[in-house]
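So that we are looking at the same thing, I have put the structure below in structure tokens.
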Amino acid sequence: MRHWFNTIWNTRGLARWILVAGLVIVVAFVVLALLAPWVAPYEFNQSKVDGEKLPKLAHPSGDYWLGTNDQFYDIWSRVIWGARTALEVIFLSVAFSIVLGVPLGLVSGFVGGWVDRALVFVMDSLYALPSLLLAIVFSFLLRGPLGGGIVAAALSLTCIYIPQYFRVVRNTTVSTKEAVYVEAARAIGAPPRTIMRKYLFGNVVQSVPVIGTLNAADALSTLAALGFLGFGIQPTEASEWGYDLSRALDDAQAGTWWPALFPGLAIILLITGLTLVGEGLNETLNPALRRRRLIPVQMPAMRADDAIDARNV
Amino acid sequence: MSSSSGSLARYIAVRLLLVIPMIWVLLTIVFFLLRVAPGDPVSAAVGGKLSEEALDTRRAALGLDRPLIVQYLDYLGDVVRLDFGATISDNRPVLDIIRDQGGATLTLTIGAFLFALLIGLPLGRLAGRRRDTALDAGIRVFGVVSYAAPIFWVGIMLVILVVKLFPGWPTYDIASVTTKFTTEPRTHILLVDTILAGDGAAVQDVLKHHVLPCFALGLLLSGVIIRLVRVNVIQAMQGDYVEAARARGIPERQVVRRHAFRNALVPVITVIGLQVALTLSGAILTERTFNWPGLGTELVQYVTARDYVAVQGLVTFFALVVVIVSLLVDVLNALVDPRVRY
Amino acid sequence: MKSDDVVISARDLRVWYGTAGLPVRAVDGVSFEIRSGEILGLVGESGCGKSTLGRGLLGLLPDGAARDGELFFRERDMLRLKRREQHALRGRELGLIFQEPLTRLNPLMRISEHFSETLKTHHRGIGKDEIESRSLEALRVMGIPPTRFRAYPHEFSGGMRQRLMIALTLVLRPAFVVADEPTTALDVLVEAQIIRMLHDLRDTYETSLLLITHNLGIIAEACDRVAVMYAGRIVEIGDAHTVFRAPQHPYTRELLRSTISLSTTGLNYIEGAPPDLSDPPPGCRFHPRCPDAMQVCERRAPVPRVQPSGSRTECWAADHANGLVTLTEDERIPLAKEVIALADEA
């Protein structure tokens, strides 16, 4: 952990800028989400103040910074509360898929045999399906027992990402298993559990932060897509950007831009932030991707005693 | 070589055989996923509207009262015969839905791919050639943003722009009402039907309606293509045969076009093929954004109606499409790259 | 100064690579000439700048590399040619045969397409029939049956592909060809065949050849003259027989001693490894590994001098032994060998 931190801290050049820019964006959203009750002027589902309705589809102004939408909601408040929802879902789904996908991949790769082959086949098939389709199917299945809350949404996303963790972890496990130092550990009689915990796990988790952040970006776009289609978080449960965009659809046909613009910008900004963090981590932790920077060659004049007679023999 | 056509046929045959277990696993996953759904599909879809006996008749008609394994085998048998069942909510054969609505999704995705290639290939190639310049950075940022921006948001923004700048340009649906009702459905692909009918105004109408949705979906795909082409051009430019071509004095433009770019396209074809899944995801969202009468819209409606036969049928169909397109891509790959035909 | 039959003439040629730190001085002031129809062998350990020199002659260098000094091809000043003109010379006048033939042909193009592309580039308006007849003739010379003309590269073995590459280079009848370890990746029997073919070509086409190799047997077999390269410098150059019979530079001598042959009774090797070319040792670059090193070798770089044998050498010991220089008592004190361990580590 400490070693990683040092590598990241000491990175220079473009990789560092990518990482820093990404972190700034993500941290800004986290702060906004944590401070939502104090920053947001209204509740996420508040359309009345003192029994009086907010204006419908009001232009952005001093009173309503980003305007109001067709449900009499203040868009600025919806964006802030939406950040909270998005980060909660992302965090939960990434945590769930790591907790499920990593051990599954480890065991599958370590045990091998037909169990491994069957799991690989199933996971590859799942991976081949359009991820949104899978998310729709899972939200279709989970809506009944779990309702339309944050946990249900996070679980539908989890199911899409398990195959990815499984794949990476399983492949690393298989290749590390054959590595010399693991052979050596086996030769001195280390039990399988120890090998798995001490040698394989340490190696395998290296790739997790990168996939984790990149999946987080993807999870956000899938969450928004589910919300947009009406299969995401129930509007009564929390504020969600994708849902707001689906509400903005009809207004867009009439040329009203603010209900759609701001939630969308929030999505793009957070996805970009997460992607930048992922790419930055990737470039820092995989130095092979970096391109050497070349200093232009300056040739000093040749020294006098180097100059020679070109006369040939 | 005289044997190359023979080995190509054999390659395709082998590839075809490998597809069958893949399809089987997918079908099994789809079936059991939808079957572990708690609750009873019939009452979920039409519960409250019908009496208890009527519900029982419906269940029996769907064979839901039989053991799971029998239903599973039955389902597999039906799929082999391309029978995806009939919906619970409005008793419509899923195959009819696919026939009536599939055309709209097909033309949407093909149009989107055309846009994506039109944007992605030249930009990716340019970025790869001018690596690490401001131009490269700009193109890369465009690629990242077009991939990060939710397609439905891009769609909505395009709609707003068009509404403001070109009032009158169609921003939703596949055609105007007149075109839809006057065109005789022969192939059920509206664009083809209008062409077959020889109705120039209708063709124009349908094409106009395609521009916005295809562009929005194409933009999403172009991000992927730019990234891919760029990386592959950079890699191919470092290829040994590129250096060898330079050593023979082949002009740089030709080196890039004939040697680097052509070789860069081989992996690109494969990976673009893998984007079918992304394209279908995108198509579902694009259809909702533009009120497009395609399979995505149907799927969304039936999911909302909690009609599990329709969902199962459509998801099965989507899975088949993914597998078959990836098969086609492999075949295309073998045609382009002589090394594959071993 | 440049007589008519001199094809390539280099004087104080330098090729340096830009890196993130100090530049790598891969070729650092070399001078030589190659005459028409002559085969010059270039030997040395890996990483001494042989390949860089070969590519530098053609201007085929990676980004960030720079050339300096003087380089003439016939009357043309290669370092002052425009990129375009230089490009046009490549292939038609200057050829390059690569070390690893397996990946040098475009996998998506038939052999015939490689030939027609090459011929069309350099002979505008050349007809189909002429392309075919010239290509088939080149293939015939290299012993490839005309039936394989329309095959794809992956259908050939490594040795066959190297012959294809040679045929592809020679179909344009270039005046000068650099063959960069053309046989290293091939097995011994094929190696002998290819070397014989290259040797015969000189008689057929009057092609001059720079044959880069680390196999001294090849040099003895095929070359007229030989240049020995160490750490970016040509330390000895001369008639192949002379250099082999009476090596003047200790490096040449040690290189010859390390060659394994049937009469070899024990294995000889040169201790240490070639130096880091971004920071070569001061004085003579070979002094840390040289068995004959003296105090002067560490302090001052030796100057190329023509020895009585006829070879040109950069070596204080040779200069001194042949009475070309007078060194003081101090300068002649043998150098203590303490750097070996360090070099081993590198």
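Labels A, B and C are assigned to the chains in the order they are written; within every chain, residues are numbered from 1.
Everything below uses one rule, namely that a residue touches a chain if its C-beta (ideal position, glycine included) is under 8 Å from a C-beta of that chain, and two chains touch if they have at least 3 such contacts.
Keep in mind that this is a model prediction, so the values were computed, not measured.
Trainee: Is the way these chains touch best called a line, a ring, a star, complete, or other?
Mentor: Per interface graph, the chains form a complete graph.
Trainee: Most contacts: which chain pair?
Mentor: A-B
Trainee: Could you tell me the distance, in whole angstrom, between the mean C-alpha positions of chain B and chain C?
Mentor: It comes to 55 Å between the two C-alpha centres.
Trainee: If you average the Cα atoms of chain A and of chain C to get two centres, how far apart are those centres in Å?
Mentor: Centre separation, chain A to chain C: 52 Å.
Trainee: What's the distance between the Cα centroids of chain A and chain B, rounded to whole Å?
Mentor: That gives a centre separation of 24 Å.
Trainee: Help me check something: in the complex, which residues belonging to chain C touch chain B?
Mentor: For this pair, the touching residues of chain C are 58, 60, 87-92, 95-96, 98, 100, 103-109, 117-118, 121-122, 150-152, 154-155, 165, 168-169, 172.
Trainee: Quick one: which bits of chain B touch chain C in the complex? Just the residue numbers, please.
Mentor: Touch list, chain B to chain C: 1, 239-241, 243-252, 254, 258-259, 262-263, 266, 336-339.
Trainee: Spell out the residues on chain A that touch chain C in their complex, using ranges where they run on.
Mentor: Residues 292-299, 302, 305-310, 312-313.
Trainee: Over in the complex, which chain A residues touch chain B? Could you list them?
Mentor: 121-122, 125-126, 128-133, 136-138, 140-141, 144-145, 217, 221, 224-225, 228-231, 242, 245-246, 248-249, 252-257, 260-261, 263-264, 267-268, 271-272, 275, 291
Trainee: Quick one: which bits of chain C touch chain A in the complex? Just the residue numbers, please.
Mentor: Touching chain A: residues 1, 9, 11-12, 14, 16-21, 23, 29, 31-33, 63-66, 68-69, 237-239, 300-301, 303-304, 306, 310-312 of chain C.
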